[in-house]
Amino acid sequence: MARDLGEGVLRGLHVLEYPYKRSLGPVLGPFFTALREQRILGIRTRTGRVLVPPAEYDPETGEALDELVPVGPGGQIVSWCWVARPRQKQPLPHPFAFALIRLDGADSALLHAVDAGEESRLRTGARVRPRWAEEPQGGIRDLACFELAE
Amino acid sequence: MGDADPVKAIVTPVRLEYQCSAGRAATRFLRGLAQRKILGARSRPGEPVYVPPRGADPRTAELTEEMVEVSDRGTVVTYSIVRVPSENIKLELPYVCINVLLDGAGIPFFHVLQNCPLEEVRIGMRVRAVWVPDAELAPAVTSIRYFEPLGEPDVPFEEIEEHT
Amino acid sequence: MAERCAVVGIGQTKYDAKRIDVSMPGLLREAALRALEDAELGFGDIDAVVVGKAPDTFEGVMLPENFLADAVGATGKPLLRVHTAGSVGGSTANVAISLIQAGIHERVLAIAWEKQSESNAMWGLSLSPPFQVSVVAGAGGYFAPLIRTYIRRSGAPEDTGIRVALKDRQNALKNPYAHVRIEDVTFEKIAGSPMLWDPVRYLESCPSSDGACALVVTSEAAARSAPRRPAWVLGTSMRSEPNQFHRRDAVNPRAGQLAAKDLYQQAGIRDPRREIDCMEIYVPFSWFEPMWMENLGFAPLHEGWKMVYEGATALGGDTPVNMSGGVLSSNPIGASGMCRFAEAALQVRGEAGEHQVDGARLALGHAYGGGSQYFALALFGSERP
Amino acid sequence: MRDVAIVSFAQWNGIEPERNEVEILRPVVQEAVERSGLARQEIDFTCSGSSDFLQGAPFAFVLALDAVGAWPPIVESHVEQDGAWALYEAWVKIQTGEVDSALVYAFGKTSSGDMAEIQALQLDPYCVTPLWPDADSVAALQARLFLERSGCSDRELARVAARSRRDAMDNPFAVAKGDFALEKLLAEPCRVSPLRDHDCPTHTDGATALVIAAGERARGLCERPVWIRGIDHRIDPPALGVRDLTRSASTSLAGEKAGVRRDRLDFAELSAPYTHQELILREALGLPASVRINPSGGTLCAHTLMSCGLNRIGEAALRIARGEGDRAVAHASQGPCLQQNLVCVLEGE
């Protein structure tokens, strides 16, 4: 494990690795269950805003929320950045965009990947639609990514 | 698809790589082990020898730059018999974990005792390090395979009590 | 100069090995909402939030209170995150109390939590970078040798630890939140449980739990409008010392002694054994009860075990210890210290239910962490100081 | 409130793979203590900030105690936050009247790992971390929103970088420094569009320590104590798609509570790891053009995760102590897209 660099100080690789298991509770559970069935759910706050991904509570007041509502599947890009050199853990192996996407019927934006081929095709406000994973596992990556809908 | 049980949990694997530095003090100690030497460090003569060296005396944060070789023989200050597996230790159960105060050292450190019937392990017992063969010596704690009984008379508890 | 402070809301989750019914936000909210309900307050009434938790690697989220900020109603508010190893639950409460004592806030929510089932505690605690490779098997592997030294020094009978475990496990049956509840627990059952780190047996060891604990602490003015009897803070103290140094006494650490001395001085306590009615202290392995009795000044040196033998620390004894079942019965590491404080506060409020000590007026909360290095204490009273 | 002043400051930044955390921290703590004029045992309280994820193993701060000399036992606490929050806790402790002085320190050895990737673990662990958006990408999402909302161009971002790197030339502890022509910077390709390399922070190892003391104690220790006139911190909701990323509501609120606008300011030290974040922060704090920003070169030129916020406060105090200004605002930030912010107003007499 230790690398001996001659006279210098010893250095070594340390790996932090664990398959963390996350229980989901009453809101994220149904959200991911729906994703597995290619449906997207948001949650409605007391003031009528719809949040996606859904939260168990209102982000401003902490008040408990429970009214899940269907949203999307299409949506609009609110912001994006172009990842020219994707990292190994990221959703796509070739250059792609991370984007904040406001799904139809939602008031907040979801962060996900957009497979657009090249940067020049992207713009804020562009319409996108989901591309579903071929083998859904129950998780955010059941949405493989989004793609341009125009 | 779609008719399975509701999703109640997800698995999110994490794997992060780090390049760690042993630091200057521990490097000297580890390189010593590769030469069958146990090196400690102290701030100046008369002060306790820290084994392994920590770079500084934790009481004062004074640098401990003077390297001092200590004996590979010492005294069991305390111990426990481990009968439960743990992920970081690949020893056959049960094994004896000892806090050993090496002759010349100012603090004890944890290692393993072998070649000793469990019922004979005791506080005050004299032990010595058993090294790996020359070919396997490395700048690592594992260069000391384990400690074993030395067969010398026990050290009275009063003389080691303060070193727990 | 310091403002008076009181605990007016206490909330605990049900502790369990795996709280798979809740998310991390859900776990914190269970405790936070119960504490707020107890105080008849809402998130909107809270000025600041202090969150405590042991290592982030347990849940695999870096600075998790940031993603949990809105779950605990901290949006637009100050949020602090304390981490002082195993003592963190106690330190978190103490930091929240200091925000009141400093006169900065009127009402502060303190929450401590751990969701150990997201990973595995043995893995989490043995995780060490190269060059620190150690033959220490988890917390038990570290603390068992200290217990061995304690036994040698004090001459305590070998079954002292079993007696402590029996008492705590029986107490746990009176606590609806407790994780480990063994209905038919007996001395023989504990004595016959597997030896893990000799001299520590399985049933003398703490479990690994999911759970959260929350306190609402307020100023004197705010405490006046509290719906239930407040638990007054009579003192808080914290001390730390390095992990290892020449002639360090890790069995009876100086940091713990000084923290206790400081606390008693603040509260004007001269004879803790006589004046303090009961206590909730951090006992992850049964033998730590007699060890801490000496460290905290309740028993003379080498005589802590006699309190166990005489039944002094039992629920009906003169100095009941860990009436809730303690850390031996519920151990969400980051929260365990705050659970001690919460249970001590419940006692002086007279709201500890089946495990209430009759007429408890003064109760001690205690937590420790690291290699018996970090200490956080608080003393709660039924009467305003 | 009791008057509290910063009486000494020490720092070290740089990439030094040879030294471990304790070896990096020890001389910095020692220097801050020595400069304070107090003996270690005379300092009443100690508080530190760090994150276990920088080394990938628990209890980083426990070993760090070796760097302090915590014997006899000390009154101590630790926040798993940037050291600026440790300073806040220490300031609170002094306000309780229990203590009169405190040592505050923070450290981060960022060269051990991939900081941009590790910071993905600060995001929503259910819906966002599994996509592993790196810190640069997350900041880029904020940058585009800001540019589109404000009408600023990438040229204005490059100006921030050029000015910071030029100022950093005077700072021995800054790592990204030099005189760069705007056109040259703008000719760089994007790292994560719209951000170029110069818009992103240069990560470095570092440690920061300072000593604070109350009222008369502080006056007795140094010629020109730097008074903490106001200090406050606030947090915004975490979800990136919920809050307005182009504004920093928590910075505005903390700034208002800390009294940023109460008087004229000479300069500001802002924790803005990305160029566009400096512009967001200036707006949030309402800083006029006359206020000099980041004379140290700022976080952009030396991003010492977990200590850079405390470092800003130290840098500001250092300049005031030297008479290079009388009143300054120092700011610390942590969490994705400036989620949590601390604002501290400093003043010399």
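What to note about this one:
For reference, chains read A, B, C and D in written order, and residue numbers begin at 1 within each chain.
The rule is short, and it goes like this: a contact is a pair of C-beta atoms (placed from the backbone, for glycine too) under 8 Å apart; a residue touches a chain by one contact, two chains touch by 3 or more.
Not measured: the values here are computed from a predicted model.
Taking B-D and A-D together, the chain pair joined by more C-beta contacts is A-D. With chains reduced to the mean position of their C-alpha atoms, the one farthest from chain C is A. Rounded to whole angstrom units, the spacing between the C-alpha centres of chain A and chain C is 38.
Separating the CA-averaged centres of chain A and chain D is a span of 29 Å.
Chain B and chain C have Cα centroids lying 30 Å from one another.
Within chain B, contacts with two or more other chains are made by residues 8-10, 12, 14, 16-24, 26, 30, 54, 57-59, 140. Each of the following residues of chain D touches two or more other chains: 17-19, 53, 55-57, 65-66, 70-71, 112, 117-118, 121, 124-126, 129-130, 237-239.
Contact of a single residue of chain C with at least two other chains is seen at positions 20, 23-24, 57, 59-60, 70, 75, 123, 127-131, 242-243, 245. Partner chain B is touched in their complex by these residues of chain C: 20, 60, 122-123, 126-131, 133-138, 140-141, 144-149, 152-153, 194-200, 242-251. For chain B in complex with chain C, the residues that touch the partner chain are 8-9, 12, 14, 18, 20, 22-23, 26, 30, 48, 50, 54, 57-59, 77-89, 91, 94, 97-99, 106-107, 110-112, 123, 140-142, 157, 161-164.
Interface residues of chain D, counted against chain A in their complex, comprise 17-19, 55-57, 112, 117, 124-128, 130-134, 137-138, 140-145, 148, 189-195, 237-243, 245. Chain B makes touch with chain A in their complex at residues 1-2, 4, 6-24, 26-27, 30-31, 138-140.
Taken in their complex, chain D has these residues touching chain C: 1, 46, 51-53, 55-59, 61-63, 65-66, 70-81, 85, 88-89, 92-93, 95-98, 118-119, 121-126, 129, 232-239, 249-250, 253, 334-336, 339-340.
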